[in-house]
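When the chains are written out, they are named A, B and C in that same order, and each has its own residue count from 1.
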Amino acid sequence: MNLAHVLLEIWLARFDILFGLGLTILVSFTAIVAGTILGISVGVALTYGAWPVRFIARVYVDILRGTPVLVLILASFYIPSVAHINLNALEAGIIALTLFCGSHVGEVIRGALQSIPKGQMEAAKSIGLTFRKTFVYVLMPQAIRQAIPTWTNAAVEIAKATTLLSIIGVPELILTTQQIIGRTFLSLPFYLMIAILYFLIDFAIERAGRYIDMRVSAAQGTVP
Amino acid sequence: MSSVLQIKNLHKRFGQLEVLKGIDLDVAPGEVVSIIGSSGSGKTTLLRCINLLEEFEQGEILIDGKAIGYRMRDGRRIREREAVVAKHRAMTGMAFQSFNLFPHMTALRNVMLGPMKVLNLSREEAEVLAEKWLDRVGLLERKHHHPSQLSGGQQQRVAIARAIAMNPKLMLFDEVTSALDPELVAEVLNTIRNLAESGMTMVLVTHEMRFAHDVSSRIVFMNQGQIEEQGPPSELFYNSRSQRLSEFLGRTAFKR
Amino acid sequence: MAYHLNFAVIWQNMPELWWGLALDLYLAFISLGIGCIIGLVAAFASVSKSGALRRIALGYVTLVRNLPILVIVLLVYFALPDVSRLFRLDKITSFVISLSLYAGAYLTEVFRGGLLAVPKGVVEAGMAIGLRPLQIKRHLIFPIMLRNALPSLGNNFISLFKDTSIASVIAVPELTYYATKINTETFRVVEAWSTAAVLYIATCYLIALVLRLVERRYARI
């Protein structure tokens, strides 16, 4: 096994690898976006909701945060069939990751909203803003600014969690590469390749997060 | 009569900026020296050089005639090993503006730690010593309290007890009342006055002009890294020679 | 056709599930123990005067934190034997090494945060009374760092405990592995997975409780 041999095999398998990589990125992106939207709603519900809403949100978050992602993914894969909902592995996986992301982002947003000094709310009331306007113009912008670093961490965790979809047969990067390894018996080089690719994906997400942080801070006139 | 503290031609720079430009100072046993001056004059830096929290490029500091912090080796000046520096530091005691009590220890243990670990006293001996000094500063009933349960003035008094329990040859006070609410300042100043009257050799950096006038045997006025004028309080506060000192005193609203 | 819940099958298999949970706790305990040692060493290295030590420590953290735990597990179990026959490890050892390395990176961040939050003034006060550097580390820096790190440490412990479920991928007989087995053998999907989830959630809750007690006992800063 030498480098030339390895590179040749990578080249031969390039379409499979790119497919797997593409699916990984697609699933990550979808789950992160959907999960963030869900998470913001949950976070708001946890901070400002009436107690029944808060209760439901709390139960949702606590259940999802106490369960390992793998168990979540496996449950989403097997359970819908008995309710006569036919999901393929990809759909089940995306749902599981979205729910997982939602609970994490929910906690992040809740934390960010609760850390805004009470004085902000009081100042907004004094100038006559309704709650809705206060929320949109005063509270949420500050919360988002606060939440970006932690949100970036959560996004990276979701991207890493897509690896577990290989267990239920979704042909993302790990599964497709494992099939290549099955053919070529080149375990070490291909697992290293996977490691490098995931490192790059996560690094890119972190960079994106930092860029967003900078832009948002600049727009709000604060220091990143 | 030999000096407790001798500073000879002390120079210190922070990067390009020279902050101490040749300080000479002698302090005799039992003297209470107050250093005054505007911010940036180098007073705190000077104090921190004395107990080796800051390094200095040129000059000597001697405590009881012994040079501290640096020695000559093959004609070159080098800094002593950390263990030796620690021993030198034990000869002086310092009270800080922000108290710096050890937050995870009770008042008693704060005062006991030094005697136990540096002076190698047994736990019982250290406890007796600590209780004695806590009593001297009036805080014996608070010995089992943590710093978070004490007011600023109480914390500062514990900090002073902690420093004195080490039996230092010289006490250094770095603006110890500047961070306190006004009504807590008096208790700390009284504690210091007490210690001064019992004969402790002290160097204080302070903004409390009235206090400095009442308690000190000598006032030192520093300006831009040098000692501009020094002398007994009566002379310095009422008959200052230097114009900058007059301006400074004018700004501090010291009532003549 | 409605789905009828039938937990009887689950009760029959409960012993397996309990043993699985016990193995998870065992794996977590050892991996977190090793991870803490790695974390403490790397945290102190990351603030050392030596530039090389700092770079190694921070490089390790950046590298491992950006890798999925599954990738590390697969690398250690499947790829490492390629390097040398010596590296063919059994499943449990292999997983413990993987989780320890992973945990170490996260715990380094936790301890480093605690370390950086030790007030500089406290260290200076220690120096002022003549304590030597080692004494300052032992009596002042270390205890304060631990107290600072406790909340974050707790969260990381819970999250890393959940990661023991990944061991099921390499057929380590822990809770998730048995839940999958029951699932495929009995088709009692809802019961199997809800039971597994409840067991995990309850354990996480207990761990959180214990940690909160520890925090209350020590966080008097």
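The working rule: a residue touches a chain if its C-beta (ideal position, glycine included) is under 8 Å from a C-beta of that chain, and two chains touch if they have at least 3 such contacts.
The model shown is predicted, which means the values in this text are computed figures rather than measured ones.
K.L.:
If each hop has to land on a touching chain, what is the smallest number of hops from subunit A to subunit C?
P.N.:
1
K.L.:
Using mean Cα positions as chain centres, tell me which chain lies farthest from subunit C.
P.N.:
Greatest centre separation from subunit C goes to chain B.
K.L.:
When you take the mean of every protein CA atom shown, which chain's own CA mean is nearest to it?
P.N.:
Chain nearest the centroid of all protein C-alpha atoms: C.
K.L.:
Distance from the CA centroid of subunit A to that of subunit C, rounded to the nearest Å?
P.N.:
That pair's centroid distance is 21 Å.
K.L.:
Averaging only over C-alpha atoms, locate the centres of subunit B and subunit C and give their separation in whole Å.
P.N.:
47
K.L.:
Compute the distance, rounded to whole Å, between the mean C-alpha positions of subunit A and subunit B.
P.N.:
Comparing mean C-alpha positions, subunit B is 55 Å from subunit A.
K.L.:
Which residues of subunit C touch subunit A in their complex?
P.N.:
3, 63, 66-71, 74-75, 78-83, 162-166, 168-169, 176, 179-180, 183, 189-190, 193-194, 196-197, 200-202, 204-205
K.L.:
Subunit B touches which residues of subunit C in the complex?
P.N.:
Touch residues, subunit C against subunit B: 119, 121-122, 124-133, 135, 139-140, 143-144, 147, 220-221.
K.L.:
Which of the residues in subunit B end up touching subunit C in this complex?
P.N.:
51-53, 82-83, 86-87, 89-94, 96, 98-104, 113-114, 117-118, 146, 148, 159, 162-163, 166
K.L.:
Quick one: in the complex, what on subunit A touches subunit C?
P.N.:
Its residues touching subunit C are 62-63, 65-71, 74-75, 78-79, 81-83, 156, 160-161, 163-164, 166-167, 174, 181, 187-188, 191-192, 194-195, 198-199, 202-203, 206.
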